[in-house]
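Sharing a structure, written as structure tokens. Questions coming.
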Amino acid sequence: MEPSGPTIKTEEEVMFFDTDLGGVVHNIAYLRFIETARTRLAGLLGMALKEMAATQLFPVVTRTEIDYRKPATLGDHLVVRGGLEYFNRTRFWCAFEIHLRDTPENLLITCRQCLALVQMPEGKPARLPTEWRRDFPNLYRPKG
Amino acid sequence: MEPSGPTIKTEEEVMFFDTDLGGVVHNIAYLRFIETARTRLAGLLGMALKEMAATQLFPVVTRTEIDYRKPATLGDHLVVRGGLEYFNRTRFWCAFEIHLRDTPENLLITCRQCLALVQMPEGKPARLPTEWRRDFPNLYRPKG
Amino acid sequence: MEPSGPTIKTEEEVMFFDTDLGGVVHNIAYLRFIETARTRLAGLLGMALKEMAATQLFPVVTRTEIDYRKPATLGDHLVVRGGLEYFNRTRFWCAFEIHLRDTPENLLITCRQCLALVQMPEGKPARLPTEWRRDFPNLYRPKG
Amino acid sequence: MEPSGPTIKTEEEVMFFDTDLGGVVHNIAYLRFIETARTRLAGLLGMALKEMAATQLFPVVTRTEIDYRKPATLGDHLVVRGGLEYFNRTRFWCAFEIHLRDTPENLLITCRQCLALVQMPEGKPARLPTEWRRDFPNLYRPKG
């Protein structure tokens, strides 16, 4: 992951509703874990969750790439690490990793997501905050 | 279930995401099956799903009672039967049953839900359609 | 809630995936919050999550009663409080409440659940730990 | 999508639990729709859902790539089309598209997933059915 931008770390404990009868965490459940981390990361970047319902300006996922490397199981303590990779005027890319709390060298999941800021209910793309270019100049990729 | 009001029947096939590592359907998944049946029942009662986003008038669950009698498992074909039990001016009760398609006498789930019609975003309770008293007079319980 | 038995308190922050287009938390999402609290409560009572996959002895919900009193919305900080109410030889009842972190007097959700301990894959009910009668004699109701 | 292999078509109607407070379908919900289509496709390919619980031989997602092009909303009737793209000895790739029933030319979602056949509980990769090379020789890519 790109170390130069803002990063976040969240923790999860695997519950029954995260698993399926294969005995391991269902592939969709990891995307909830990642959404929680991504939402906290967006908060760091100035997109406060409590304000979104009022402004109707939402970060919207436009693409997800996720690799399932090793399975987690019931009761596992997971760590999700995420960060801003780069951005252009209207879109930004984040990267996430999930590992067991006690074996950080052993990645279970790697994921990248592209997001756009969208003004609802029109569904119109909005410009990303101009502060980002000032605060993270090395992450700005105009044609990215 | 009260046979005198409108009823609905929907079908589901149990997917991986419905199960947990106990090897059977997770208790929360049945509530999605019931919501699908309830939404179709509401459609029969004049609450069209496609109109709700525009009117912002939503049927909202205020109470659920659900009994888990027997488990369903991966690939099972389930039938959900539901009906309107009774209503007053602002609330209505529905009952639901779930059984395997091939053994209708063998109930897996029984459930009752109370709903109110709510005008969002104010969250203000609204009166149920006046037609209901004309169409289902035997289901009207003013103090229910 | 019965104050004499063991209790648990967990916290949640409402995410996008917890809400629906009515603008508030979806009724099913609260049951995940309650499951997390219930799982931690079961841990206090000697049912460790990490052991269950090995022993295949699972606490299984046999009935849920839940009242939706007031809605929560995006970004709300919720507190879930739960406790053991009473038990007999094979079943136990828990009660849960959910409130906003800053207004504990204002209940959003109240819920009661009955659980049985089940040996999978046979699906055979098992006796509850005998220690419970020693540790919580006032919660034992043989005919409950 | 590769038209030469087996394909599947399933239908969905967007329910409340599929949406979030942005007013449109939540990004994670589409992955349930795709799982349903993928499971039916796997059935066509000889992996019967009802047998998996017994054999403990499961198709497991190892990678998902999904593009969110246009949003769906409450009550929309969706069509999911999917097909086998290619396979090697242990992995296979599927492609999926989602569109509104009435506007098939207008894609909402495109998705590709890589799957492996895994013998649980060991988590050991298994060979794909040898019949696939006979039945779909043009989809076999030994180094894919």
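Each chain gets a letter, A, B, C and D, in the order it is written, and its residues are counted from 1.
Here is the rule we use: a contact is a pair of C-beta atoms (placed from the backbone, for glycine too) under 8 Å apart; a residue touches a chain by one contact, two chains touch by 3 or more.
All values derive from a computational prediction rather than experimental measurement.
The chain pair with more C-beta contacts between its two chains, of A-D and C-D, is A-D.
The chain with its C-alpha centre at the largest distance from the centre of chain C is D. Between chain C and chain D the centroid-to-centroid distance comes to 35 Å (mean Cα coordinates, whole Å).
In whole angstrom, the spacing between the mean C-alpha positions of chain A and chain D is 23.
Residue numbers of chain C whose C-beta contacts span two or more other chains: 16-17, 21-24, 28, 32, 35, 53, 58, 73-74. Across the complex, chain A is touched by residues 16-17, 19-24, 26, 28, 73-74 of chain B. Across the complex, chain A is touched by residues 21-24, 27-28, 31-32, 35, 53, 56, 58, 60-68, 71, 118, 120-121, 123 of chain D.
Considering their complex, residues 13-17, 23, 32, 35-36, 39, 48-50, 52-53, 58, 73-76 of chain D touch chain B.
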